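The structure under discussion is supplied below as structure tokens; questions concerning it will follow.
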Amino acid sequence: MSLLNGKRINGVTVRHDKNTKNAVTTPIPLPQRVTIPMQQHMGVPCKPLVEVGDRVLVGQKIGDTEHLFAAPVHSSVSGEVEALTEIVLPGGKRSQAVVIHADGKQEEFPHKTPTITTAQDFFTAVRRSGLVGLGGAGFPAHMKLAYKDVERLDTLVVNAAECEPYITSDYRTCIESAEDVFDGIEAVMHFLGLTHCFIGIEKNKPEAIEKLGKICKADSRIRVVPLPARYPQGAEKVLIYQTTGRTVRAGSLPADSGVMMQNVSSIAFLADYLRRGRPLIERFITVDGTAVERPGNYSVPVGTSIREVLEYCGGFEKATQILSGGPMMGSAVADPEMPVTKTCNALLAFTEPEDFALSATDCIRCGRCTAACPMGLRPGMLEDAYDKRDTAQLRALSVTLCVGCGSCSYVCPAGRPLSQKNVLAKDLLRKEGN
Amino acid sequence: MNEFVIPILIFVALALFAGLLLSLASKLFAVKVDTRITDAREALPGANCGACGYAGCDEYAAAVIQDEVSVSLCVPGGAQVAEKLGEITGRKAEAVIPPVARVLCGGDCESAKKAYQYHGFQSCAAAAGLYGGDKSCHYGCLGFGDCVKACPQNAISVENGVAVVDPNRCIGCLICVSVCPKGVIAPVERTASYLVLCKNPQRGKETRAVCSAGCIGCKKCERTCPAGAVKVTDGLAAIDPTLCTGCGSCAEGCPVHCIVKL
Amino acid sequence: MEALIVSQSPHRHSGVTTPVIMRDVLIALIPALIASVVFFGPRALLVTAVTTASAIFFEYAYRRLMHRQQTVGDLSAAVTGVLLAFNLPVSIPLWIAVIGSFVAIVVVKQLFGGIGKNFANPAITARIVLMVSFAVHMTNWTEPFAYLHPQAEAVASATPLAVLAGSEGTLPSPLMLFLGNCGGCLGETSALALLLGGAYLLYKRVIRPHIPLAYLGTVALLTLPFGVERMATYLFSGGLAIGAIFMATDYTTSPITGKGKIIFGIGCGLLTVLIRQFGSYPEGVSFSILLMNLLVPYIDIWTAPRPFGLTRDKKKKEKTKTAVEGDQTPIRPLRDVLRPTAVLCVVVVLIAGALLATYRVTRVEEETGLTEALISELTELVPQGADWEELQPPASPENATITRCFGSSAGHVYEVVTKSYGGDLTLLVGITPEGVSGVSVTETSDTPGLGSKAADEGFLSQFAGRKGEITVAKNKATRDSDIVAVAGATISSRAVTTAVNAALAADSELGGDGE
Amino acid sequence: MREMMIILVSAVLVDNFVLTKFMGICPFLGVSKKVDSAAGMGVAVTFVMVMATLCTYPVYTLLLVPFGLQYLNTVSFILIIALFVQLVEIILRRFVPPLYQALGIYLPLITTNCAVLGVTLLNITEEYTFAQSVVNALGAGIGFTIALLLFAGVRRRLEAANPPKPFSGMPITLISAAIVSLSFLGFSGVVENLFG
Amino acid sequence: MKNREIFLRGLLKENPVLVMLLGTCPTLAVTTMALNGIGMGLATTFVLLGSNVVISLLKRVIPKEVRLPCYIVIIAGFVTLVGFLLERYLPALNQALGLFLSLITVNCIILGRAEMFASKNSVGKSALDALGMGFGFTLALFCMGAVRELIGAGTIFGIDITFGVLEPMLIFILPAGGFFVFGCLIALVNRLTKGRAAERRSQADGCAGCPAAGACGGCEEVAK
């Protein structure tokens, strides 16, 4: 971590495994059908606007809700609505989904390029584009713009750190659509009246740093900040601190300290949307892992089943574990028929899970977890407090600050499920009404 | 002689000084303490199980005396604690028969199918966080023993993948009901003789696909029950203990044998 | 394609597990093991093997007996075994080493619940238990390379620390000390081997440098005023090297955060110097580490890391002013005040009266001077001495004071008080015309097990029949006026001798031998 | 002055009242569960020890010795201590409730505390002067408090330990006390040499 | 309760030292030798018997305000009595017990039994209870003394049984050994009485076991 702005933030060194660095993003063949879930974002689920039998075009809105805290969903194929089913989301909740049978014509819906003059227009345009945080969190992008006193925002931080192993989709965005990134930054800074912008990229991506640096030289307000390759560099509070030196106080939003953070792919998509008005209907994902014969970066229409994508890359038969996202924070896939959603930035298939032989033994108080935690918490004591269901102690140790990066479980010599229990501890506090 | 008298005099003086000082002080500075609270606290079992809804016996004792709260809230204490509290506060003790906690799921390892191989750590709450648990049926007991750890009376054990409650150990504090992430544990009257071990409201075809011991809502039990105690509401049978005569015809009739004699 | 494997994130692990760490520690201990075999011969290997094997066996047996998950696989028992072996002299009887392993593994670690649950360092505590229980065996140092010429009878040499603390012996040069060519426990002498091991541990990130640097730094700083050469001797002698690198850095018994480790190291350094400089035990390392182990819970609280972005909001101390109103019932004089006081008086008077009466009955004539017990003791020291009477104690020499003197038909007995290692030492010295007829120690505050050894008959009987000035020799009596000091307790032995000499001088001054 | 220091430091470290002289073990084991209750008990015991010495020493030298009643010292000392402790408790309960809340509950425990009576009797057997016995009482109290706080820290660690069933509770606490008293052995001999 | 029950209870089921955890100070301090253990045990039994009898005699007479001082003076009286007897007839034991002889006054067992039993029961029962508790105490001290002496000094009642082969571990004579043996003995008793003692003892930690429970007001804090 750069020592220039004071406190060194904890973290762990993780093997990068960026094998698909140089794989150019290529589209996969059109699937026969797609299943578009109504809940692909954090917030209120959408309601389907189409019935069985309707004909939909590519990019046509098929689900929305009047709530602000939601992102509309659009069809990624042209075809006929086959069925309205239900799928189980990774967190265990269920969500409605629209199954569309693709007719292969891929007829585009007549998109209008949005005309934007005021910040409010910009806000409604972004909401209409269906854009959510593409880093994996899925926070509706426009919500960050709808902050109560937007004037306090003065800085945009672009997250291109991509500290998860294997994933290179953001890296490819920096290389393949660097101009879009620049235009996107200019648009955001223009409409929100921001004064400067930082792009955080880990040092293990020199070409991206050099390319973006060259392009962004045009605007002096933008600065590319190379950061040490140390997990979890991409965590929101960590990256903001490393690039702008501002500490986001506990329990407050980044916007409270005048900063807005966006993933580099979100910014690139925003630029493309402002030009063509085409909503978010496809994702650039990295497909890799020990079971995949043809690892690489692919652009996949939202709703394609995971099985189809992996079969195309020759990684389905031998896979015993499939992850959606990276090995550190990604979620394991239970049903391969589950569709690829807006928030998925990678699919990894393994012949055998990496931490297969691990079984939990007694904690030896070695302090490695405390040294690894970027949020300065004490995972060992948090686990004790959770085992005793001692909510007062959990609050005293501020478990709510845990960002779930998994560094503690990664380094624990006894293989104890530390970050896993923090998730349950936060549920316990929420159930008790913290 | 004086060698005998003088020490005695010294001690008399000392005793006088002590006696006077002490009795005066204890009288002048006495402090009023409501002894009834301490008596009430003595009467309570002291397990701090919280079944009465208060954070432990001390609070419940104070509540009984000061806020005139009902004397028969102490479930583990049962009737006899209620009586004692009644005497102390002079209020009548209503009879209280604690319910029994029951796990409404019969889907053990053989009958229930698994959606995936769970490799996380042994906790229902943890497994429930991954697609609702490793069982294909979303309403069944996951069998990782969160309730076993939480039960103060060690009345619950996991047998063949499903949690089972031992009725004579269960004191009806119902801590397990709130701990279970799948909400599959429910209070059942102690007098009930038959029980439907399933909570899956899905239609027969879907239930049968995920578990061979799940209630498929075929309404056979509803028809065969002479006392009309069984009612099938949206795909799930339920027995009303007050009407049930314990004849057991519903149990024989059930094609999937998910109705069990207690 | 059967069901996929699903678990919570993260799905990757660093690979560094407890057995891997403990294996690295064992590897780091190999240089010290080689050094111990080089300096002290193959028996060092035997002692290490026995200690480690018994440590592993005790852990295995305990876990089986208590039906608990078997943890022998994590090699922590092996590490404790080896470390304990390095804290024992090479000449240690094997059964004591096995007792040491039992104490370390069962009592200090497993009884508390196994790895991670004990608050005291097993090897250090076991060393102290053995040091206190079998002081002689634990302080029986052998010279390096003594095993090469087995026929020479084993000569007990003093460790550099003991020499520093006062007993005679040549002080090896700091270089020799650094290499390990000096007396001491089998694994602790060679600082070079230990530093090599320490470097390996630092490289493999098994330990962090905070504790060793803070510990050795503090000791160096505190001993610098005595001169660099003296500081080097201090640093490389005794158990400091093994203590700072291997013992103090034991995960379970040292603080978690970096700041905490530094405080821990400084604390250990201070205590080590304090105990080595002033304490009665020559080796201060084990005590200082154990004492700091006790403070670890508090250090962990003081140096807890502050969560990111959490500003220190002053905890508002809610003042619960529970007003307590007095019980204003009127004081009924008779019932409330007089009756209790009267009862108390009666009780006290009764008791005091009874005691007075019984005291008068069982009064023991407290005549000053000689009770039967004292007379029996005196005749023990001066056989056939009869009709004892107390005399005026003669003038006492400068290093001892003669508090009482008794004369009898056959000789005199002098009660002498002199300063010894742990404090005052009082003796009764019987002197007859033939010379010293008997010596008995009435009160010693020397270290139990070490200095107190100078009070048993074996050592005191050497004084019998001596007339002239008595001198103390280390191992063999070279001059005829010599007596052999107790191994490891030279200071106490010398104190007893000065007392006897003082008695002899006082007796001759009293006009020859008794009438 | 040197004499005072020796008494003070030896009472605190070397022959610590709890760990080497074995006095006051009951409250030592009972109250050291929580750090603040340990501190409360420590302060209360030190306060009572010093006050008890202030009361008992003059009674002994002025009343008992002239009349040759030394053998009655136990009875009179314990009477005075009991009287004193109960008085303090009553006054505290009435006038300073928060302090009573924190300290008061330990006061009755102190009357039956061997250390308090032990200190007063020790002052007599060691033939200390009045000033020396007060210093000794102070040292004893501080030593008691240090041992209590040290042990409270250890017991915090014990909460995480899981000893076998028969050893859980008091036996494991006693074994920890054994290790703590072992560490205090290290201080033997330090006092005399420290002050020359 | 039948009389025999009162007496037997004191020996093992409710042994004052190993179960109720009272009187730990003398138990650790004096038991370096089995003989001292027995001596202390008998002296305490004598005082306990005397004080229990006298207190149960006077139980209606002594008013609430001065209860504690009266009890303590009675107990101290008996202790001094024992002191005279020992000084006169067993000087060696007196020398060995030393300060702890007069510390019997504050021994938690005596005040505890006085508060909890003697002040509520008849003289006969109190005497029996005193004997039961006294012998229980002596038994416990004897065990402690025997173990510490055997391992620590290799002697039984002073007779050397190591025949020069076995070497005693001196640590058992030191305070550390005392704590350790005491802990192991309690664990043994827990094991024997199969946990029943464990429940009562966990209470013993709290107010119920504390001798001054009667005298002190709200003692919930101490329990927690």
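Note that the chains take the letters A, B, C, D and E in the order they are written out, and that residue 1 is the start of every chain.
Assume a residue touches a chain if its C-beta (ideal position, glycine included) is under 8 Å from a C-beta of that chain, and two chains touch if they have at least 3 such contacts.
None of the values given here were measured: they were computed from a predicted structure.
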**Prompt:** Touching subunit B and subunit E alike: which chains?
**Reply:** C, D
**Prompt:** How short can a chain-to-chain path be from subunit A to subunit E, counted in steps between touching chains?
**Reply:** 2
**Prompt:** Looking at C-alpha means, what's the farthest chain from subunit B?
**Reply:** C
**Asked** Pick the pair with more C-beta contacts: B-C or A-C?
**Response** A-C
**Asked** subunit D to subunit E: how many Å between their CA centres?
**Response** 20
**Prompt:** If you average the CA atoms of subunit A and of subunit B, how far apart do the two points sit, in angstrom?
**Reply:** 43
**Prompt:** Distance-wise, how many Å sit between the C-alpha centres of subunit A and subunit D, to the nearest whole number?
**Reply:** 62
**Message:** Please output the residue numbers of subunit B that touch at least 2 other chains, ranges allowed.
**Reply:** 7, 11, 14-15, 18-19, 22-23, 26-29, 31, 115-116, 119-121, 126, 129-131
**Request:** Going through subunit C residue by residue, note those that touch at least 2 other chains and give them in order.
**Result:** 3-8, 107, 113, 117, 129, 132, 324, 326, 336, 340-341, 343-344, 347-348, 351-352, 355, 359, 448
**Prompt:** Out of subunit D, which residues touch more than one other chain, so two or more?
**Reply:** 71-72, 75, 79, 83, 86, 93-94, 101, 160, 167, 172, 175, 179, 182, 185
**Prompt:** Hey, which chains are touching each other here?
**Reply:** A-B, A-C, B-C, B-D, B-E, C-D, C-E, D-E
**For the subunit B and subunit D complex, residues of the former touching the latter** = 3, 6-7, 10-11, 14-15, 18, 21-22, 25-26, 28-29, 31
**Prompt:** Which of the residues in subunit E end up touching subunit B in this complex?
**Reply:** 63, 65-66, 69, 217-218, 220
**Message:** Applying the document's contact rule, which stretches of subunit B touch subunit C when the two form their complex?
**Reply:** 4, 7-8, 11-12, 14-16, 18-20, 22-24, 27-32, 114-121, 126, 129-131, 134
**Prompt:** In their complex, what parts of subunit A are in touch with subunit B?
**Reply:** 88-92, 331-332, 334-335, 353, 356, 360, 417, 420-421, 423-424, 427
**Item:** List of subunit B residues in touch with subunit A within their complex
**Value:** 115-116, 119-121, 123, 125-126, 128-133, 138
